[in-house]
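Labels A, B, C and D are assigned to the chains in the order they are written; within every chain, residues are numbered from 1.
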C-alpha cells in the first residue's frame, strides 16, 4: 500500500513520516511541501537521517493518483482547495486540519474567519474519532481527523454526557498545550524566551475547537452541549492536559463512572482510564494513548475529569494513522504500539 | 527596626532574606533554621554571597525578644508550636504557613491531617490579605499570611462575588503552580526528570487551600461559597496561573466588571487589572504584582477570570513584607518595587 | 529467547523494558527490583500500562537460570555482588553499570571509592562498544556496557586518535548531560527547582568516566591518552552533548577527517557523521543514534568535535540491546530502529 | 541626571529600562525604538505596568541633546550610523553592541560581515570592562560595552594570563548561553519547540566574540592570545556558563591561583571567586554578579575555569549601568545591588 502526504514539512507532517516509516504495511510514495520542495526530508528533519531518502516535492494531482491514502497536513483554508480534486479523482483522503470537521459552513466561517469554498464536500466527510465512529471511518472516502484539544475533551466527555451523568450545558474545559501545538512557525510569540517559564491563556471561549466539541457531543452523545473552553500554553514541547468540570445531571458514584468508561472503552486499544490516578502528560508522550482520570466533587456536585494526549500523535498524526489502519483493514494499532 | 525569621532556610525564607536585605527600613537580626544551624546563609544560598554575612541559628525565644517583627516560614504544624510563646511575650508575628488561616480547628484538622494545638490563639489571628484587610493588619499582633493559590484566587474573585456578579456556588478554580511551590525538599516526585515536560493535577477538590478560599469569600464578600479547586504542577520554577470560571448571578458587561475592579483596586499598588489582556506568569515573576484579566462567555453565562502571581513573592514572602510594611507604618511598597 | 533484568526499576531498567517489549525476538521473563518488589511495572511506570503485566520481583539466582541473557542495571558496587554467581552458572550477562569496565581494580577503587570484590572476573569482561568490539561481543559471556559520557566521547575520538590525527594528550571533553543521567533518586540537588534554568559543572577532572575514556583509547586506538573531562548538568530530561577539543598531531583537512569517519563507520547503523552540521540532542532523543559533527580550527591547530546521544539509549539501554543483538545473532538494529 | 536609550525595545533595552527605573540618580528621558514607535513601553513589556508611562519614540538627534548619557542597544551595524553625530554633538555614549569594541576595522569586517563606516571614531572608544578599565571609563565619551560571552571569558582569564599562569595560546572556551542571547526575534531557530530539550553548538571558532576576547587579552594582559571559542545554546532563558581550559605556562597551585584572583578582584563589587565551588547560572540570574570557580587538572597540566553571568545584566544592561555609574560619579553598585 502506498500513501502520500501533502503539507509534509510541518510538525504533524514530520510525525506522519516518522510513524509511517515504521508501519510494516505502508510505503510512503510522495511527501509534498511547497516551501521545502527539492530538499531532502532529513535535511529539514535531521532526526530522520539514515531512515529515509525521501525528498519534498511540489504537489500535483497526477503525482498522487496511485496513492491508496492521501494525508493532508495543511493549515486550515488550504485543504479545501485540494480536497475537491482528490475526491473527484476517487482518492481516499485523511485531512488533519479543520476544514472538514464542521458540517455547517457558517459556523466554520465564524470561527475560522474565512469562507468555506468546498462546502458541497462537507456531507461526505466522516469524523475521524475512531473510538466513536469506527464503522463509518472504515468505508469513508474523506476523513476529518479531530482537533488536538477536541480529542482530549471528547474521549472523556462523550461517555458521561451520553449516559446522562454530566449536564451538557456549561461544561468547563481548561486545557494546557505544549508549544508544538502552534506549529512550525517563526513568531516572537512562540520563541523560547517568550514562552519558557510562563503560562498564558488565549482565545478564551472563542477558540475554533469550541464548536467542534459542541457539535460532536451533539452527534455522538445526543446532547445540546455548551462548553466554556479555554486553551493555555505551557512550556513543554509536546502534550495536552485537559481538566474538565461538569455538573452532575443525576447522582453518580465513582464506581458507576468507572463502569461507564469500562463499558465504553474496554476494547479501545489507546484509551486508558483509571479513576484512582491523575494522568500525566509524560505517560503518553510519543504514544497514541489517551489517559483519563476523574474524581467526584460532592461539595459542588461536579465531576472533575483529567485527560492527557500527545498533541502530535493522538491529537494529530497518530490518530490519522489509526484512521488509516481502520480504512485499510490493518490492525488498529499497527505502527502505533 | 529589626526582624527575625524562623524557618529561614526554605524557599520562602530565602526569599524573605533577599527582599529584606534590600528593605531600607529593616535590619535582619536572626535567621533560624535548625537543619542548617551553623551554616552561613550564603553557603546554602550562594546567590546571596557578598550580600550578607548572616549565619543560620537554632531558634530560642530569648533570641527574638528584641525583634520588632518575627516571620515564621515553617511547614504547617510547626508554627503552632512556637506562636503561643511569641504572642505571650508580646511579640508581633507574621506566619507564612497555614496554621492560623482557618478559624475553625476542626476544619483545619480535616484538611491538614493533624490536630490544632494552639486553637485559643486563632481568634487573635488577622488574615493578611492587605488589599482587603489593611486596617486590621495595621494593628495586628498575629498575621496569618494567605496561601499562594488562595491569593491568586481571592484577589480576582472577591470583588465579583461581593458585588453579586458571580454566583458563589460551584466556582471552578483551575490553578497551575511552578515546582518551587512544593518547597525545598528531596523527593522523586519533584525531581527534574519527573516534573519536566509534563503536567499533572493533584489533590483535586481536597487541597487544604479549598476551605481557606471558601472561608475568606464568606468573611470578606459575605457569600456562602463553594469552590471546585484543582491545583496542577507545571514545569516552571516560580509562578501561579489560576483560571477561574464563575456563573453569572446577574447580567453583566465587561465594562461593568472592569468598573468593579477599578473601584476596588484603584489604590492597590500591586494589583493590575486589564480585561483586554491575558495575564502571563512571566510578567509578575520576581515581583509582588498580581495581574488579572477576564472575559465574559455568553454561551455558558460565565465569566472566565485569569490571575497570575509569583508564588514565592505575592504568594508568600512579598505579601508578608507588604503586611510588615502596613504593621510598621512603612509605605506599603517599600522594598517591594 | 528469554531475558531477565536485574535492577529494573531505575530509568535504564525501565528503558530496557520499553525497548525489549517491542523487540520481536525476545520475551522478558523476570524484572527484579528489590525496592519495588511486588508492584506491577506499570504502577511504577504508568506509561507502560496496556503494554505489560510484568511485576517486579526480588532477585534470586534460581529465577534466572533459564534466561538467555541477563541485564544488570544496578548502581556501581552492586553488580559485582551478583555477577560472579551468574557467570559461574554459565549465564550470559550484560552489565550496564561501571563494575566491569575497568580492568584495573586499583583504578576502579580510586574512582569509584570502594574496593572491587570480584576482580577475578574482570579479565573475562568484554567491553561493549559494538562499533569497535563487535567480534568479541558476539561470543562474550560478560559484557561491560560503556558509560554514557564515555560513549559520546569515544565514538568520535577513537577514529581520529587511532589514525594519529589528534594528539591523545590533553584532549578537552566538555560534556553536557540531561538530569535523567543522575538516575531515579530523591535529592534536592536534582529537584526541578534546583536544576531548572541553570547549568553547573561537577566532578571536573575527577569523574569516574575519565579513566574509562583513557583506557579504551589505549585499548582500541593504541594511544596513551590523557583527557580533561568535565561533565555539566543542563536542564533537559534526556541526552548528552559532548564538545571535544583535540590538538592536531599532524596536518589535516576536513575532508580527510570526513574520510576517516566514513571508512570507520560506513557500516555502523547507529553512527551518523556530518562535518557540515552541528549535531543536536533533539535529533537523537529516544533513538540509539550517535550524531557527530566537527570543524577544524586553524588558529589554534585543534579539531573541534561535537557528539550527541540519548544517555538512556545509546548511552545505556539501547547500546545494551545492541550488544544483546550481536551476542544472540539478531540483526544489530533489531528493536532499535 | 537624564538618559536616553536608543534601541529600547529589545531585551537589552528593556533590561536597561527596568534597571534605570530603580536607579535613584537617573531619570529616563527618551526611549527610542522605530519598530515600536508610538506604543507604550508597558504595552510591549507588560511586566512594567504601574512602573512607567514611557512611550517608545522615533530617534532624532535633537531629542537627545540634553541627555547626560545615551545608551545604544541596536544590532551591530546600526550603532555606527548614529554614534558619529552623537559624538560630534559632545554627547556621552554607551554602546551595548559590537560596533566599537574592535579597534581594527578589517577585523570587524571579517567577523561582522559588513564594512565599518565610522572607523575614525574607533580610537576614541573606551572598552567598557569596569574591573579592568575603570579609570579610562570614568572620563570616556564613548564606551564600548563588552560582549556577553566575552565578559564571561575575560573576567576569569585576564588575571591568570596576565600573571603568566595560563598559556595564552590555544585556550579552549566552551560557552553555553540562554536563548535570550539571540535577541527578541521571530525565527524558527529560536522557537520553543526547536530549542527546548536540546543543545547545539554554533559558529564554532568563527563567532564574532573570538577576536574581541583575543584583542582584550592582548590589551590588558599583554599576551598574544589565541582562543578556541565555541558557543552553544541551552534551553534556559537567561544566563551564560563558560568552561575554560588553559594549559599552565608554569607550575601553579590552587592556592596561588586563588591569591591572584583575590589580589585582582578584592575590590570588585560584582566579581565573586571561589575555587571550592562550581558556579551556577541560577546564582547570578537577575544580578550583575560574575561568579568564578576553578580547579587544577594535573593529569593534563591545565586549569579548568568556570564562570557564570546573566547575559542580559553583567553581559549587557547591568554592565552598561555599571559603566554609567563610573562615568557619572555614582557609586559603582548604584541601582545594581
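In this text, contacts are C-beta pairs under 8 Å (C-beta built on N, C-alpha and C of every residue); 3 or more make two chains touch, one makes a residue touch a chain.
Not measured: the values here are computed from a predicted model.
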Which of C-D and B-C has more C-beta pairs touching across its chains: C-D
Label of the chain whose CA centroid is most distant from the centroid of subunit A: D
CA centroid of subunit C to CA centroid of subunit D, Å: 39
Centre-to-centre distance between subunit D and subunit B (centres being mean Cα positions), rounded to whole Å: 37
Inter-centroid spacing, subunit C versus subunit B (mean Cα positions, whole Å): 46
Residues within subunit A bordering two or more other chains: 196-197, 235-237, 280, 282-283, 285
For the subunit C and subunit A complex, residues of the former touching the latter: 22, 46-47, 49-51, 197, 269, 272, 274, 277, 280, 282-287, 289, 291, 337
Residue ranges of subunit A in contact with subunit D within the complex: 11, 178-180, 182, 184-188, 190-193, 195-197, 235-237
Subunit A-touching residues of subunit B, taken from the complex the two chains share: 169-170, 172, 174, 176, 194, 196-202, 204-205, 226-228, 230, 232, 234-239, 241, 243, 245, 247, 278-282, 285, 293, 295, 297, 299-302, 304, 306, 308
